[in-house]
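First, the structure itself, so that you have it in front of you.
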Amino acid sequence: MSKNTAILLMHCPDQTGLVAAVTDFLHKNNGNIIDLDQHVDTNEHYFFMRVEWNLEDFAIPKEKIDDFFGTLVGKKYDMKWQLHFSDQPQRMAIFVSKMSHCFYDILQRCMSKEWNVEIAMIISNHPNLKLIADRFDLPFHVIPITKETKREQEEKELALLKEANVDFVVLARYMQIISDNFIQHYENKIINIHHSFLPAFVGAKPYHQAYKRGVKIIGATSHYVTAELDAGPIIAQDVEAISHKDSIADLVRKGKDLEKMVLSKALWLQLQHKVLPYQNRTIIF
Amino acid sequence: MSKNTAILLMHCPDQTGLVAAVTDFLHKNNGNIIDLDQHVDTNEHYFFMRVEWNLEDFAIPKEKIDDFFGTLVGKKYDMKWQLHFSDQPQRMAIFVSKMSHCFYDILQRCMSKEWNVEIAMIISNHPNLKLIADRFDLPFHVIPITKETKREQEEKELALLKEANVDFVVLARYMQIISDNFIQHYENKIINIHHSFLPAFVGAKPYHQAYKRGVKIIGATSHYVTAELDAGPIIAQDVEAISHKDSIADLVRKGKDLEKMVLSKALWLQLQHKVLPYQNRTIIF
Amino acid sequence: MSKNTAILLMHCPDQTGLVAAVTDFLHKNNGNIIDLDQHVDTNEHYFFMRVEWNLEDFAIPKEKIDDFFGTLVGKKYDMKWQLHFSDQPQRMAIFVSKMSHCFYDILQRCMSKEWNVEIAMIISNHPNLKLIADRFDLPFHVIPITKETKREQEEKELALLKEANVDFVVLARYMQIISDNFIQHYENKIINIHHSFLPAFVGAKPYHQAYKRGVKIIGATSHYVTAELDAGPIIAQDVEAISHKDSIADLVRKGKDLEKMVLSKALWLQLQHKVLPYQNRTIIF
Amino acid sequence: MSKNTAILLMHCPDQTGLVAAVTDFLHKNNGNIIDLDQHVDTNEHYFFMRVEWNLEDFAIPKEKIDDFFGTLVGKKYDMKWQLHFSDQPQRMAIFVSKMSHCFYDILQRCMSKEWNVEIAMIISNHPNLKLIADRFDLPFHVIPITKETKREQEEKELALLKEANVDFVVLARYMQIISDNFIQHYENKIINIHHSFLPAFVGAKPYHQAYKRGVKIIGATSHYVTAELDAGPIIAQDVEAISHKDSIADLVRKGKDLEKMVLSKALWLQLQHKVLPYQNRTIIF
C-alpha cells in the first residue's frame, strides 16, 4: 500500500531488444523490478509493456526519470510512454445521476482505504444523492443539464475539474451523453459503465432490449468514453445468467450488481496504471 | 433413463385455476407428478407449464391421453399443448460442414447413452467429416450447396429428412444459411449454434468482429432458426473471459469449446422437452 | 414492491395430489397464483412447495389463512408450513466487526429501497464501524466479546434482539463464533458469510489456506449457522478465478467482492421467503 | 502451428537483473522474442520466467542452446530450467477406465490438429473403450489391476511407457490410484482430473459428497499426481452452478462436462509448456 515505486507504461513498433533495453536501463541504475508484463501484438507488430520497480535504491532521482528514460531508451525506439509514481494518489471526479449503487461501492472502497485515490468532487445533474455525499463530507455540485444548457453547463464542469486537478472522471451511472468537446479535454480519462455486454444493446434501455431479445445472459461493460456512443475501448466486462423467470425489473436489479462490480474492477485497474488503450482496444497488464 | 413418463408442454392466456385444473386431471387419473414447472408472464398475461408424470398406474391409455386432456382441460382454457412420451426417443439429423468439435461432442453423448436420441443421418455440404461418420457407421450424405443449386439441394435434404422421420435438425457448425422454405418445414425444430453472444456479432466471422471491438468476453448462442439470420429464440448461451493476449486464432480455439458445450446444453434441453418457444423468447423448464 | 400477497412455504412426505390440493384451496377462494414452484426429492420421497398469491380478492381474511390452510390442507398431508405476507417487512439485525464491505453493500440496498426490510440494529464487538452507522442514524451496539464474557454478552445481545422483534440475524463478516445456546434461539435464522467455497477451507484464514493449496479459484459461501462450524445449510455460493500472480492480499481483496455479493444474494432470497432449509440442504425457490 | 520456436522455462532465487540477463542473451544472438512472461513470488523471493523466441535467425544451433544458456546465464544465477522446441511434438499416454467423455474430447482435439501431440498409447484396466480406440487405430493395452497384481502390472505399464518414449501421462478418469513407485518415474508428468473443486471432496464419490453437503456449485480440478491423494499441484479448475433440483445423476452428468473441459485446458497448457510446478503450486504462463 505505502509502496514507493515507479511505473512505466510504454508502447512502440515491435523490434528486437526492447525488453532488454528497458530492463538493462533499470538494472544498471539499481532499479529492482517488482512487476513486468509485456505484450506483442503480432498482427500490428506493436509492442506494449508495463514495468514497476522499487525507487528505494534507484540511482536516478524521481524528477529526472522521465528525461533520462526518454533520452536513453524511449526516443531511440520511437516509444510513447507514461511515468507514474505509486505514492502520488490520483484525483477522481465522480459523475452521478439518481442511482446510488455504483456510488456507494466506490465510496466504500475509498473510505476503507482499499483504494488509494482522492475523491476530488461529485457532480450530478440531479440533487438526489447529495444527502449521501453530505454524510461523507464530500463536495457535491448539482449541475442540471438540458439540451439548451449543455454547452455552458459542461464548461462549468470543466472549470471545476481543472481547478481541482482532476486526473480522471468516472461516470457512475451518469445518465447524460458527454459532448465531444468535453471528451477532448479528458481523452481516455473518462470511464463509463454501460449496462449491457457491449456491443450488444448500445444506447438507451439495454435491459428492455435484452428482455425483448430473450437473451439468457445479461452483462455490463466499463469503457473509456469516446465520441461514438458506447463504442470506446473496453476495460472490463462481466455477465450473469438470467432466465425467462426474470422480469425487466429483475434484470435491472441483477444488472445493478454487475454494473457496480465491473465499474469498480475497471477503476481498480486504472488506479494501478494497468490499462493501456490502443486503437480502440485495451491492453490490461 | 428407462423412464415411462408422459410430458405435457402447454401455454395459454393466464387465468385463475390453470394449475389446479391440470394437476386435478392427473391426480384423479392416478398420474403421479414427477416434475411440474409453471411460469406466468405477467406482462403478457400468459401462462406456461411443463408437467411430467408417471404412466405406470395412469388410468388413461397412452394413445387416448391427447384426446382426453384436450377435451377435459386444454380446449376449455384455449391452450396450445404438446404431448411427449419419454420412452419414444426423438430422431435427430445433424448438419455439419468441415469442423468436427460439435460433431464429436454429440457423438460421444449418443454413443455413451448419456442422451436418449436416434441419429437419423448426417448431412454435409463437404465430404471432410465422412470418415468420422464411417467410423461410427452413421449414414452420411454429402450435399454440396451453391447459390444456383440451393433450392434443389434443400429439396433433396427435405426428402431425406421426411423419409427418415426426423423430429429435429441440429446445425452443428453447418456453414450455410437455411432458406425460409426449408425453415417452414421445421419451425422451431432447427437448432443452430452461433459463435457469439447474440445479439452481438450477428453474421459472418464473429470472432474477427469480437477481436476488432476489443471485447473482454466471447460467447456462443444456441437458438432456433427463423427467417431472420441469427435472430431466432435463444435456448442457451455461455461466455468465456478473454484478454488482449488472445489472438483471433485463440478466440476461435476457445470459442469452439463454448460452441460445443452450449449446443449440447440446448440439445439436452430439447431432448427433455424442456424448451417452449413463445414470441421469439424461450421458456426453459 | 408494494405487493399485497401471501406466501406459503411447505414441505411434507411426497404423495399424489399435493399440488392439486393446494392450488384447489387457493383457486376456490379466489386466490390468483402469482408464482408457484414445487420440488420433489425423489430420494427422500419428500415434497417442497412455495406458492405466492394475490390477496386482493382472496376470500379468506389474512388473519385466518393460517388456520384455514392448516385445517383444510396442511394437517391432512402432514405438512410443515410457514405463512408470510409481502407487506410485512422483516426485521434484521446486522452483526459486524471491523470490515465494512458487506455492511455498505447491505446499507445501499436498504437505503435505496432495493430491499424491503427494516434494519433493527447493528451489533459489533468493535467500535470501528460505529461512525458509518451514525452517518445513517442506525442504532449501533458495541458488545465486546472475550472467552470469559461470551456467555453474558450473548445474553445481552439476545435481549436486544428479542426486544426489537428481530426476525433474523446477518453475520456480515462478524469474526466471532456464535455459541450453540445463541443459535438455538434463532435456528435457521442466522445467516453467515464464509470466505471460501465450503466445504473447502473451513475455519480461520481461508485465503491463506487457499493460497497455500495453490487453488485456481476462490469462493464465498452464505449459509445458515448451525452448531457445527461452517457446516450449516448453504444458501448461496460464488467463485472467482485467480492465478499465481495473486498474492494473499489480492485474494483478500477479490474475496471481499465475492463475500458481499454472495451474502447479499442470500439475503435477497431470505427477504423473498425463497429459502427452505431441510436436513442441512436448502431448497431455493 | 508450424512454428519454429524455442521455449525456456526457468526459476531461481530472485535477484536484480534476471530479465535483463535472459533477454540480453537472446537479443545478442538474434533471437526475436515472441512471448515473455515472468513472475516474482515476493513472499518466497523466487523468480519464474517463460520465454519463447524464434529460431529462424538465432545464432546458436538448436543442439547447443542448452549448453550455451546454462553456461552463460543459467548457472550464474543458480537457475533450474527446461528447454523445449515447438517443432517436437510431445508423446502422451492416455489412461482410461470405462467412461469415454474425456477420451473423446482428447481424441477430437488430436484428430482435428487443434493439438500438436502424439498419442503414444491408451492403457486401461477395463476393455470397454477398446472399440473406440480401434475405430481410430490407436494402440490400446488392457492391463487389469487388483490389489495383488498392482505392483507387477504397473511395471508392465512403465515398460510400455518407456519403450514408447512417453513424455507425460494423462489420467482421463482412470479410476485407479497410482503407486508412489510409478509416480517417481513421472514426477510432475502425470496429469489427473479429479471430479471436485479440490481441496473439497477429496477421494471417492465426490458428487455424492457434494450432494450430501448441499453445495450450490460443483467443480473439477486437473492437477499433477503426487504421493498424497488429490493433493498435487493444481493446473486448472472450473465450476458450475447447481441447484436443489439436481439429483446425484444430474451432478454426474454436469460434472462430466466440467471434467473434460478442465482436463483439456490443463493438457493445452502442458502442450504449450506453460505450466511450471513449484512447491505444490503452479505458475501458469
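By written order: A, B, C and D. Residues from 1 in each chain.
Just so it is clear, a residue touches a chain if its C-beta (ideal position, glycine included) is under 8 Å from a C-beta of that chain, and two chains touch if they have at least 3 such contacts.
Owing to the predicted nature of the structure, the values given are computational and were not obtained by experimental measurement.
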Copies chain C and chain D touch; is their interface built from the same residue numbers (over half shared) or different ones?
same
Angle of the C-alpha superposing rotation, chain A to chain B, to the nearest 5 degrees:
180
Farthest-lying chain, centroid of Cα atoms versus that of chain B:
A
Would you indicate which option in A-D, A-C or A-B repeats the interface seen between B-C, with over half of the contact pairs matching by residue number?
A-D
Distance-wise, how many Å sit between the C-alpha centres of chain C and chain D, to the nearest whole number?
41
Cα centre of chain B to Cα centre of chain D, whole Å, reads 36
Find every residue in chain C that makes contact with two or more other chains and list them.
42
Complex interface listing, chain D residues touching chain B
99-101, 104-105, 107-108, 111-112, 114, 132, 135-136, 253, 256-257, 261, 264
For a test of understanding, state which residues of chain C touch chain B in their complex under the given definition.
16-17, 19-20, 23-24, 26-27, 30-38, 40, 42, 241
Give the list of chain A residues in touch with chain B in this complex.
39, 41-43, 197-201, 213-217, 219, 233-239, 243-245, 247-248, 280-284
